[in-house]
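Look for chain A in each of the two complexes below; its partner is chain B in the first and chain C in the second.
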Partner chain A sequence: MNTLKNFNPVVLLLYFVYVLFISIFSFNPILLASGMLGAVLYCLVVSDKRSVIKSLSACIVILLAVTVTNPLFSHNGKTVLFFINDNRVTLESLIYGAVLGLCITEVIIWFKCFNLVFDSERFIFLFGKISPKLALVLSMTLRFVPSFIKSFREINRTQKLIGNSRRLKRYLNSFSAVVTQSMENSIITSDSMNSRGYGAKKRTFYSRFRFTLSDALFLIISTTLLALSVIFKSDFTYYPGFTFSEINAVSVTGYLSFIVLAFIPFIYELKEGIRWKYLISKI
Partner chain B sequence: MEIFNIKNLSFKYNKSPKSALEDINLKVNSGEFLLLIGQSGCGKTTLLKMLKKELTPLGEKSGEIFYKRKKIESLSKAESASKIGFITQDPNSQLVTDKVYSELAFGLESLGVNKENIRSKAAEFASYFGFSEMFERNTNSLSGGEKQLLNLASVMVMNPEVILLDEPISMLDPIFAVEFIHTLKRINEDFGTTVIIAEHHLSEVYRLCDKVVCLENGKITAYNSPKEISVDLKDKKIEKTLPAPVRVYNAADSELDCPLSVKEGREFLDKLDINNNYNSESEIKERDTILSVRNLWFRYEKSGKDILKDLSLNIKKGEIYALLGENGCGKSTLLNVLNGSLRAYKGKIKHNLKLSYLPQNPKNVFVKDTLEDDMKLISNSYKELLSEFELLDFLKTHPYDLSGGELQRAAICKVLLTKPDIILMDEATKGFDNYTKEKLGVILKSLTDRGITVLLVTHDLEFAASYADRCGLLFNGGITSEDVSRKFFLENMFYTTPAAKMAKGIIDGAVTVEDIIRCVNG
Partner chain C sequence: MVRKYIKYIFVFLIIPALIVFGALLYPQRSFIIVSIAVVITACVPFFISFEKNSSTRRLVMLAVMTALSVAGRFIFAPIPFFKPVTAMVVIAGMYFGSEFGFLTGALSAIISNFYFGQGAWTPFQMFSWGIIGFIAGLLSNPLIKSKIILIIYGVFAGIAYSLMMDVWTVLWMDGSFNFPRFIAAIVTALPVTAQYIISNVVFLLILTPLFKKKIERLKFKYGL
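Take a look at the complex of A and B:
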């Protein structure tokens, strides 16, 4: 079940931008780790476990690779661990590498979340907000590409069966045939567009999505949390030695705001899941 | 009130020596259901396109067309788009967008209607046409029949006064075709929308329409109600496309009223004094089995359901075997398993033949710019065959420029060059008028004379009854009944030809219109 999808795509897009913005620019290990956790938990709730484990293992490889590579190129930092070919390998650059790796993998996992929520329909909606014509082009492309591939396969199969046996030549022949057929069909499509008034007036754009009260609420909450975590942000520097802002009420507010922000998708799914179970038990 | 008034309309395409339309005079009243009939190339499509400003082809035009007393040229683009709807043959290429709801909204978006209005209109028509469940589906995932209904719905959303349809059901399977025509009739009755439809599959639409117009070589040669016009069409080529009861009526030379439905046809036959036994004894040739399928099981996905279940089938040398069955029963799947594109997970297929395959879309057989180049891909000795199939004139023609019948003939030619023992044909008659079908049937018969076997998957019961030696019904993954064609159609109640339904119990043994006519004439 993926109930987050039901929010207005604009609101959702903003949410993802907020989270990625803070994760990338703060470069703070605590924020990165909690952002990562929020994303992973959300993925675990809405998609199948196997694909999550697969992406996570890929992430661990990237994380390790970046952690190990960074000290080889960056020799800043004051705590020297050992030398390789007269080059210093420092604790700071090792840690910096790990945080960089965490940042990259977190972005990857958030994009996975983004893909779980954003399908073609939602993209078209976003483009429709900018230009209805652009949305139409996108929608037509999304229809065209799969049907193009399908006809290519059909033609290729037929050609194979009637004895066009050299593979490369057959592919080329089939490709040219499918292009010709598509061009012919596009005349019918353009007639159909024309006869339904394409270009008669300035286009409007219809989509299934509306802006509802819960969208407004989601937007307000996420924007407030963003603002709080930006205002009360804690600094974290790596070179020459580690320095970070002291832990006090202000910095904790900043941290907490972001943690809540990053956990919104997970909490929301969990809440809907529980509500559903409760409803079933009532039925 | 009249909605169209066509006065002395003539039209000639640029670069064409002869006129496509000549001196057409026709009035269409508001709310009328008008049927245009005529052979391929008689000018039906041209006439329809003249009624829609945006689609009017280039050429020399004379005469006037008035839409509600206004010249058709004077309509604004928005007016013409919303008031006059147009639907063509190809269900697929008419669709523009990727989702069902965005397709429904397309016309209104073009007219600049605001979002809230579109929302309510789209919802209204989605439920009228039964698209509520499919509202968010991809248009690519719909079947041909659903696509054509969606095309109709996306035109109806704009609340047109008149819908023009150019052979809308020729690419649909029979059940969807009937549904489409009935939906059209329902629209006509529910909203008073005027319908002008050109069609050559007349079994349903002929009895539902108010007026029939017959076009021949660009001229109107008959115009009347369906009951009255039948006499005017007598002995014309077009007569062959008329529904079974009407053809029988024409052959009987009776003073009675013309029957339109099977029910009326039976009453009509009852009143005639006819020889009630059609001599249906035909010799059954003993033939060798050349392809045998034993206990075949097939499914597309590991966890999917079985499409073919324990299917067994024997095909005999030199026969035409017609495989019938409803949509999605696995007919095409079986062909693809036989030709090796798909592999069954259990069962045996035994043969040592050279198989060849003709796809549903004969265009897919051709990949080159001229017919000649395409033939050369297979073999250089094509001239003789092409002349036999009356295709020598088209050597330098692009295959896609051939007419439906010519294209199918050319496809058979190309396949014959591979010297097959058996040809598997998928829906060979789709989109053909009866005249073209007859020609194809004769060709198939001539193939069997050469010793070539034909396995035909088809929805076209009349074609199977006329030309197949044996028929089999595929249902729920297996062949449930199989017999010599005549017996097959005589024993079936629903899965049989209209002629057989008409003659059942009145003339024993008749399954085609020709059979009945022979009895009626003594």
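Take a look at the complex of A and C:
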């Protein structure tokens, strides 16, 4: 079940922009780790466990590789651990590498969540807001791709049966046939669109997504949390020495607001799941 | 009313605000903010001008060219290293103009990422393919006339695409331009770059005459 999808795509996009904005730019290990946890929990609830474990293990490899290689590229930092070929390997650059790896893997997992929520329909809706014509192009393209592949397969199979056995040549011939067919059809399609009055008036865009009260609520909550975590942000610097702002009531507010922001999808999904079970039990 | 001005608000208000805001708040990572903003802003004028003046034929043709470049990626998938997307974008730019080339490149990136997963790289991919198609449109006369220039452009497109993606990797990792890391990124990407170059050149040489014939036929038959 994926109930987050029910929100308006604009609100959802803004939510992902907020989370990614903080994750990419703050470069703060505490925020990165909590964002990672929120995203992983959400993925575990919504998608199947195996794919989550697969991407997590890929993430661990990336994390280790970035941590180990970072001292090769950056020799800044004051705590020298040892030398390789007269190049300093510092503790700070190792830490920086680990945070960098965490940042990269966190963004990968958040984009996994993004792909779970944002299908092509929502993308087309967003494009329709800016440019209805481009939205039309996108949805036509999405229809064309599978149909071109299908007609390529048919032509290719026929070519094979009539004895065209050289694979590369057969592929190119069949592709060429698809090109001819599709370009010719495009002219016919557009003439037919014209004769039915397409473009006679300004293009509008229909979508079934509405902006409801819960969308407004979601937008307000997430924007407030973003503002709080930006205003009360804590700085981390890595070079020359590893320093961070002291932990006090202000910085804790900043951290907590981002943690809540990052856990919204998971909490919402959990809440809807419980509600669903409850409603079923009442039947 | 809001919908009418939303794109202008987007270009002239939101993106510059994002740049200034990001650069002031997070000085360590300012480069990456600026680069993302630049890449997105670069695409918007093309989208706006497409929205304003484009015939239905161009609209459908854009959908067909984009779909062909994405479908080509699946069709030629059994043959290793053969990715026709860049070649198709170049051809679109050559025969239909620079704006058309840019849009084919940008939309191909979006559409193919529906299948392979959207990521932080999507805007950069859109921009890189878009620019390759745009330049192909500017150079359309020499590219159509001379095979040697076409080959050179295929090589250039492969290198340019690879370099642009490397620049973005480095900006992403360091928040500023770290030259040793850039070199390392180029070196590790060398085999991939070589594949890009070879498949670009091969596809351009094979597909260009093919498309030329078909487009001329269409022009003759329907008077495009």
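The rule is short, and it goes like this: the second predicted complex is superposed on the first by the 278 of 283 C-alpha atoms of A that agree within 3 Å, B and C clash if a C-alpha of one lies under 4 Å from a C-alpha of the other, contacts with A are read in each partner's own complex, and residues count from 1 in each chain.
Everything below uses one rule, namely that a contact is a pair of C-beta atoms (placed from the backbone, for glycine too) under 8 Å apart; a residue touches a chain by one contact, two chains touch by 3 or more.
In this text, all values refer to a predicted model and were calculated from it rather than measured experimentally.
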{"item": "Which of chain B and chain C A:Leu20 touches, first, second, both or neither", "value": "second"}
{"item": "Which of chain B and chain C A:Leu161 touches, first, second, both or neither", "value": "first"}
{"item": "Touched partner set for A:Leu134, first chain B, second chain C, both or neither", "value": "second"}
{"item": "Which of chain B and chain C A:Val179 touches, first, second, both or neither", "value": "second"}
{"item": "First, second, both or neither for A:Ala58, with chain B first and chain C second", "value": "neither"}
{"item": "Partner chain(s) touched by A:Lys233 [first = chain B, second = chain C, both, neither]", "value": "second"}
{"item": "Which superposed partner A:Tyr198 touches (first chain B, second chain C, both, neither)", "value": "both"}
{"item": "Touched partner set for A:Val68, first chain B, second chain C, both or neither", "value": "neither"}
{"item": "Chain B versus chain C as contact partner of A:Ser120, first or second or both or neither", "value": "both"}
{"item": "Touching both chain C and chain B, counted on chain A across the two superposed complexes", "value": "120, 132, 136, 140, 142, 176, 180, 184-186, 189, 191, 193-194, 198-199"}
{"item": "Touch list for chain C against partner chain A, complex", "value": "3, 6-7, 10, 22, 25-26, 28-29, 32-33, 47-48, 50-51, 54-57, 59-64, 66-68, 70-72, 74-76, 79, 107, 110-111, 114, 117-120, 172-175, 178, 180-181, 184, 206, 210-211, 214-215, 218, 222, 224"}
{"item": "Residues on chain A engaged by chain C in the complex (per definition of touch)", "value": "20-21, 24-27, 66, 72-74, 100, 104, 107-108, 111-112, 114-115, 118, 120, 123, 129-134, 136-138, 140-142, 144-145, 148-149, 152, 167-168, 171-172, 175-176, 178-180, 182-187, 189-191, 193-194, 198-199, 230, 233, 237"}
{"item": "Chain A residues touching chain B - in the complex, by the definition given at the top", "value": "120-121, 124, 132, 136, 139-140, 142-143, 146-147, 150-151, 154-155, 157-159, 161-164, 173-174, 176-177, 180-181, 184-186, 188-189, 191-208"}
{"item": "Sites on chain B touched by chain A in the complex", "value": "52, 54-55, 76-78, 80-82, 84-86, 88, 90, 92-99, 101-102, 105-115, 118-119, 122, 136, 138-140, 151, 154-155, 158, 339-341, 355-357, 359, 361, 363-368, 377-378, 400, 414-415, 418"}
